[in-house]
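Comments concern the structure below.
The chains carry the letters A, B, C, D, E, F, G and H, assigned in the order they are written, with residues numbered from 1 in each.
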Amino acid sequence: MGLLDAGIKNHNVLVTSVDNVLNWARLSSLWPMGFGLACCAIEMMATNASNYDLERFGIFPRSSPRQSDLMIVAGTVTMKMAERVIRLYEQMPEPRYVLSMGSCSNCGGPYWEHGYHVLKGVDRIIPVDVYVPGCPPRPESLIGGLMKVQELIRMEQIGISRADALKKLAEKSVDPQFVIESERNAASA
Amino acid sequence: MQELDIAGMGSTRVTRKGNNLVVLEKDLQTEQMVLAMGPQHPSTHGVLKLECLTDGEVVTHAEPYLGYLHRCFEKCCENVDYPAIVPYTDRLDYLAGMNSEFAYAITVEKLLDIEIPRRVEFIRVIVAELNRIASHLVAIGTYGIDLGAFTPFLFCFRDREIILSLLEWASGARMLYNYIWVGGLAYDVPADFNKRVMEFVTYFRPKTVELYKLLTENEIFVKRTRGIGIMPADVAINYGWSGPMLRGSGVKWDLRRNDPYSVYPELDFEVPVPDGKVSDIGDCLSRHLVRALEMEESLKIIEQCIDKMPSAEGFNARSAVPKRVRPKAGEVYGRAENPRGELGFYIQSDGKSTKPLRCKARSSCFVNLSAMKDLSKGQLIPDLVAIIGSIDIVLGEVDR
Amino acid sequence: MMNSLTYTVIFYLFAAVTVFSAAFVVFSRNVIYSAFSLLFTFFGVAALYVFLSADFIAVTQVVVYVGGILVLLLFGVMFTKGIMNTELKSDVLHIIPGTLILAGMLGALLYTFYTTHTWKPSETQLHGSLVERIGFETVSHYVLPFEMVSILLLAALIGAAFLARFDKPDNNNL
Amino acid sequence: MEHLVPIGLNHYLTISAFLLGFGLFAVMTRKNAIVVLMGVELILNAANINFLAFSKYNGGMGGVMFSLFVIVIAAAEAAIALAIVINIFKIFKSVDVSSIDTLKE
Amino acid sequence: MEEGQVISQSVQQSAAAYAIIKDKFGEAVSAFDANETMPFFEVLDLSAWPEIALFMRDNPKLQFNYMACLSGVDYQSEEKVGIVCNLESLGKLNHRIAVKVKCARTGGSIPSVAGVWHTANWHEREAYDMYGMLFSAHPDMRRILCPDDWEGYPLLKDYKVQESYHGIKVPY
Amino acid sequence: MNLTSSHISMPLLMGNSLNAWSEALVGFNPMGLPLGLVILAAIPLVFIALYSLTYGVYGERKISAFMQDRLGPMEVGKWGILQTIADILKLLQKEDIVPTSADKFLFVIGPGVLFVGSFLAYAVLPFSSAFIGASLNVGLFFAIGITAIEVVGILAAGWGSNNKWSLYGAVRSVAQIVSYEIPAAIALLCGAMMAGTLDMQKITLLQSGSYGFAHFFLFQSPIAWLPFLIYFIASLAEVNRAPFDIPEAESELVAGYFTEYSGMKFAVIFLAEYGSMFMVSAIISIVFLGGWNSPLPDIGSFALNAWTNGPVWGVFWMIMKGFFFIFVQMWLRWTLPRLRVDQLMYLCWKVLTPFAFVSFVLTAIWVVFVP
Amino acid sequence: MSEYFRNIKTGAVTIATGLGITLKHFFNAVHRKGDAGVDDVDYFRQVDGLVTLQYPREVIPTPKNGRYRLYNAIEDCIGCGQCERACPISCITIETIKVAQDDMALCGKTSDGQQKKFWVPVFDIDVAKCMTCGMCTTVCPTECLVHTPVSDFSEFDRSNMLYHFGNLTRLEAESKRNKLAEIQAKAQAEKERKAAEAAVAAAQAPTQEEPKSDGE
Amino acid sequence: MDTTLSNFGNVFAFLALGIVFVVGGYLTARMLRPQRPNPAKNSTYECGEEAVGSAWVKFNIRFYVVALIFIIFDVEVVFLFPWATVFKQLGVFALVDALVFAGILILGLAYAWVKGDLDWVRPTPNIPQMPKMPEMPSATSTSDRG
């Protein structure tokens, strides 16, 4: 039972600062699993490549799930693949994060209606932390999504579960509708 | 349960249980190991699974398993209108969306029997050739990674990024464009597009030379690929290979020349085939070389198109786009030369609905990959990787 | 002055490592474990050589035994046995006579050691470094054995290579 | 106790006796040819300890040189022996020393 | 085909090729459909299909050495499923023709031509996967795209998607 | 038994070769445990080692980035300099998975043995005239030989994982390390022949002089570049660096023998790998490029050499030289494709070993006949 | 034998060439490429150097026609439902309510002066599904449905990606619907009455067509 | 005098430090990390597939030959190192001695080279062939005629 497992209730200064350091380390060194499924994976590769260079954030793809912290589900998950995705997810050591990249893994995307063999959203099989929309998402969006993951990690604390952190974030986050509203206002102005 | 006849396996008996190979009886002389390479493996370019039987490092049997990316393209096609299939065709060969759209558009146009404005044709050829370069860049780059050279990959992606921005500027999307419509284009290209493309061509030429020097000429690279995975020409044809794969086996066959479509007959370009000097005909290096040389030809085509292209005056990219695509009853098989080979569409229309009765995509990767089992027998694991890389598969097209 | 305590402790540490790992080599039922615990035996023995002021021999021990023989043994295990962990177990013959002989011999030897006082060793000092002395010896006193070693190695190489040649496909059926 | 504290020749001899004993035990009792080989290596190591111990406590380079040659022989022996073991394995499908009696034929 | 329509050269070539086949196999093949977009004929005698295929590949006047495509088709109204093969003489005579073969919709089987064109191997597996017709004498008749334990043949017009697969809900 | 080892007239761990730095602490001998002192003395060394290891990683990422027109780590600390620290801290927090089917014991000790093996070699590397862990008579030989322990660690890790990729990686790795040890050792033998000693410190001292680099063995004989090159190539293979990284070939074997390792065990393997990388770089600079000696020559009255020599400068030069070779290793890595296993063996046995023998003979003749 | 040495030589030469190239790039790393987009004249005149765009800090604007997030200027939407029909993957859900005659002014006109005839209480776009194909935007007659070049909008919760653009709140929609139903009922009653009248007076001109509102 | 011993004491210190570092690292990690094993997590990684069979199979022998040749040369090097430290002082005799020694072994290398023991045996890869028509079991051609 490690510190990250412990349900420490009272947060004093020490715990918080330890927390901050640990979280900082985790968010600064997110190693995603090199795991491309479909078209989105190409955009993921493009994001890893020189022009966007994810390594700036310390993001450094590993090919074995054992050494990765983040699973970027980049592309269409099919029924045949679903079990493998679960297995690969399970084989990642905790703490682990999942980022669903692209419409397909968000909810089946273009194939949600007629794609009999497409899993309609990877959140049906593994818990997803961040959804990145787009088909395929631009590298910018993927980077934005990764920053969201970092935000989530920053929120986590010893003794505070992921769900709680997400709840906290939800409190903090701005309603997208509001953003759209302002966008609308800007457009009309 | 079915016992497999796997040559060169001595008395090892193997059977298939569900989706897996199971070694039934072990021959003590050579003990075979069942090794699943993929679906999550860095060198299977996506979610291909290769099930290998290995004896030490030697692969005695490798069978590709597909379907991990089966996205029901054909079912979707039967449920949406003809024009709405275009975005789905993008997602077939997602590295060369323009080419897939092109193939689909000309197939439906063949069925509809409509005339396309000349400027549209030229723009189509330009974007398709740009996309061909982008796709070959990925093929070459990832092939480098397969063989352990990382830097060429990043150089390729750097230049590909420029092509993507050019295409995004024209079409609004970076990868999956929905730009070539049945009967026309989504929009005309932006005003400065031609100039910028010409600039790109001048920019890109020296980069190909650099890439050639860095990767293709490298002795280690040559030693890793030369003489590996040889495919004789007649067997290649029998396997249905097409595109760079077939040309790598020394068959001078390019649909842009041999079954011309669009404005290709007016354009002057070479169809590169290996001459057997730097590479052995039909090996991995030949296939790689064909791709490398084809980029140069594409640049030539782009230059000519920009020269010959009618001006944009009074041009409407959608002038020939039918309001409603409802072809007469009949069948058509149309095809175009994709970066990976012949992409064909077999479309059956009942003449009544706006949706095709049957739309089958004949994908080049699917066909090219089917030779994998034959090619991999008796290779070392590193050679296996070299062979898969040289086939340059895109799973989206294999599994559809 | 003389820090015999540290010296003694470390000596006993290595002695223990050597003896226990050797015991493990012999008594473990799992060949792979035997082979790996041989690493500790060899390493411990090398440390004992150091205590015996034979630094060069100690390093040689590591180079040849650990780097060579142990790897060879490990490969041997991997190439011959296999399939499952259980099959790595090896059967034991003649346990009782073996144990008896072991106990008897050990007893006899130890008894001899600790009762013999005729060995009155006198510590001698070696001058210069051991490497250099070995270097001198090899080309002076031991020049013939030195050359013989090369012949022996040549013979071993040819023999081993010959034996290993069954690997070739055409010789596969031997 | 006084035997234990100042490390002397007997300590080394004791250790070597243990190694020798274990080695012999392995050679005699184990069926697996590779374990037998390991036993042989233990015996050779025991011999080496003795060589060096006597060399140290009696002087002279003889022991050192001999131990060097022992190592050479051990290496050569291991190479050849393992090659033979693997050959035997190829033929008899076993490294079990007791089952390799077909050699007589 | 309609009267008065100009027959393009490629259709004429196909017609010539068809004539040779018709000569040899007579009743086993149907009449030639000389449409512009995809001229084809149908193989009526199923069991003759591999033989026809081999003949088409090896006859020096035909040399259909290249199978471009093999698509399964569901002829729901005829209660049949079938395949459409697009054949071509690549680099040799450069003519093309399409061949249709049909069999019963349920439990039907078509002889395999994987021994004539390697291409047919996987394509036939795909057709089986999607339409459920068997290909007799196929070296490896398994599903190819869908998982082995998938229910139903998805491209049949009356296909109903299963509710769950290995405990995962399938429909949206 | 009268055999007290009275001849050991000095405190066990306090030889005259103990460097000057720790000699100051000799008098301080609390509770009769000078061992503690030595550990104290070794701590800075350890830190140098670990620091260089970790910053090797950072350097690699930056260098590779620049070669590939990228920026590399940027966001973690200014210019990403805290990247490596974050990585290690992160790995500390990761769950440590031991697969059920793995051999627990071997799986756990594998990385440890590997690390200890690579770490032990640091004991004999002289970082400056007054800064060496253990000035052994057989230092060079020790440095070559200790790799053997790493080999066993790798085998334990690969076999213990019970993973096919790991096993392939381990067997490949061992075969590779073991075969390249021959040309490497013969090449270093040439250096030892020129020096006439195996003591690393002495080898370095022999290369000092007011002409700076001209005293380095590489420039001392016209044939020294041959063993130099051979050792460099062989050392690349010994530490599994490209183009000889077939044991970890990502595109073939996923991650080689450490495929199954996660968390701290992976970090330990990682450190060991980078440790060996620096180690071979250090060895090559000690044997052929003068170790901690300043390469600057005295020019007339500008006693550049004298000014830039000294214990602190020594450490500086040593680390610079080590990093230079690490740079070259990375440069090669990010340029070349990977060899195949048969080509690897070809290169070792049919190119490097014969040439190593040639250089051995030539050096021997040179040393004997050219004073 | 010469083969052997030639191999070594070609190996060395080609490796050296490669090393030269990477080294050139390494030293070129002092330059950084500018941030001109491809639509900029200067794009190909930028220095050759590090190409990395440090995204959250530096941005190259996506082209104007970039198809990323969908946005509907609902004031301009006439509720014609074309976009819904055009979308290949039906990720747009529209519900319209016919505007009652007296509400026309309230409902307003589009920016180009067209009278809107439908309330759009529900205009939901599931951007999680959307494949940014642009089919919907090209068919939109008033060009109110557009793709914005904003691409970076990831979410922790997928339900946040269902964008509601409708121009009525639920209550308003309810009342409008009721009102319409009333009008319809009235019209229906009228019609019935008329029909009855017609039945009585057998020869009478048919009334105007009924305005029918349908769910979507 | 016995500097050897004291220096090896330092080596021992390094050994101890190395072990302390590893064990300390493991322990620190143990204090920090979560530990939530489950069967799926602890299953062997095989590219996402369920691992079929164990990796502990008899491995191909080829690597073994390498180790065999290695060990011979390894021992040779062991002998040459002490020689290297003194041959300068001993002159031509020592030189000839060592050259003979090395020469004999080079002979061995040459023997192995000529005999092809240094070649990494590569199997002859399969070159794809034209398909073969299987024997046509006429019975299988079914009666559904189109």
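Basically, contacts are C-beta pairs under 8 Å (C-beta built on N, C-alpha and C of every residue); 3 or more make two chains touch, one makes a residue touch a chain.
What you see is a predicted model, and the numbers here were worked out from it, not measured in a lab.
**Student:** Along touching chains only, what is the step distance from subunit E to subunit F?
**Tutor:** Steps on the shortest route: 2.
**Student:** Between F-H and B-H, which chain pair is linked by more C-beta pairs in contact?
**Tutor:** F-H
**Student:** Quick check: how many Å separate the C-alpha centres of subunit A and subunit C?
**Tutor:** Chain centroid spacing, subunit A to subunit C, equals 54 Å.
**Student:** Distance from the CA centroid of subunit B to that of subunit E, rounded to the nearest Å?
**Tutor:** That pair's centroid distance is 24 Å.
**Student:** Give, as an integer number of Å, the spacing between the C-alpha centres of subunit H and subunit A.
**Tutor:** That pair's centroid distance is 39 Å.
**Student:** Express in whole angstrom the distance between the two chain centres, defined as the mean CA positions of subunit A and subunit B.
**Tutor:** So the centroids are 31 Å from each other.
**Student:** If I count partner chains per residue in subunit A, which residues reach a count of at least 2?
**Tutor:** Residues 2, 4, 22, 49-51, 53, 56, 63-66, 80, 84, 88, 91, 93-95, 107-108, 110-113, 116-117, 135, 138.
**Student:** Which subunit G residues touch at least two other chains?
**Tutor:** 15, 18, 21-22, 25, 50-52, 54, 62, 88, 131-133
**Student:** Subunit B: which residues touch two or more other chains?
**Tutor:** In subunit B, 28-29, 31, 33, 35, 39-42, 57, 67, 70, 72, 75-76, 78, 80, 87-88, 151, 154-155, 158, 161, 176, 214, 218, 220, 234-235, 238-239, 371, 374, 380, 383, 399 touch at least two other chains.
**Student:** Residues of subunit B touching subunit F in their complex?
**Tutor:** Subunit B residues touching subunit F: 33, 35, 41-43, 57, 144-151, 154-155, 158, 214-215, 218, 220-221, 223-224, 380-383, 385.
**Student:** Quick one: which bits of subunit H touch subunit F in the complex? Just the residue numbers, please.
**Tutor:** So the residues of subunit H in touch with subunit F come to 1-19, 21-23, 25-26, 28-30, 32-37, 39, 41-47, 51, 54-56, 59, 63, 66-67, 69-70, 73-74, 77, 80-81, 84-89, 91-92, 95, 98-99, 102, 106, 109, 112-113, 118-120, 122.
**Student:** Touching residues of subunit E toward subunit B in the complex: what are they?
**Tutor:** 35-38, 40, 65-69, 71-74, 84, 86, 90-91, 94, 98, 117-119, 121-123, 126, 130, 143-149, 154-155
**Student:** Could you list, by residue number, the parts of subunit B that touch subunit E in their complex?
**Tutor:** Against subunit E, subunit B makes touches at 18-19, 66-67, 70, 72, 74-75, 78, 110-111, 113, 234-235, 237-240, 251-253, 258, 330-335, 342, 344, 346, 348, 358, 360, 362, 366-367, 370-371, 374, 399-400.
**Student:** So in the complex, which bits of subunit A are touching subunit E?
**Tutor:** Subunit A residues touching subunit E: 79-80, 82-83, 107-108, 112-113, 116-117, 119-120, 124-125.
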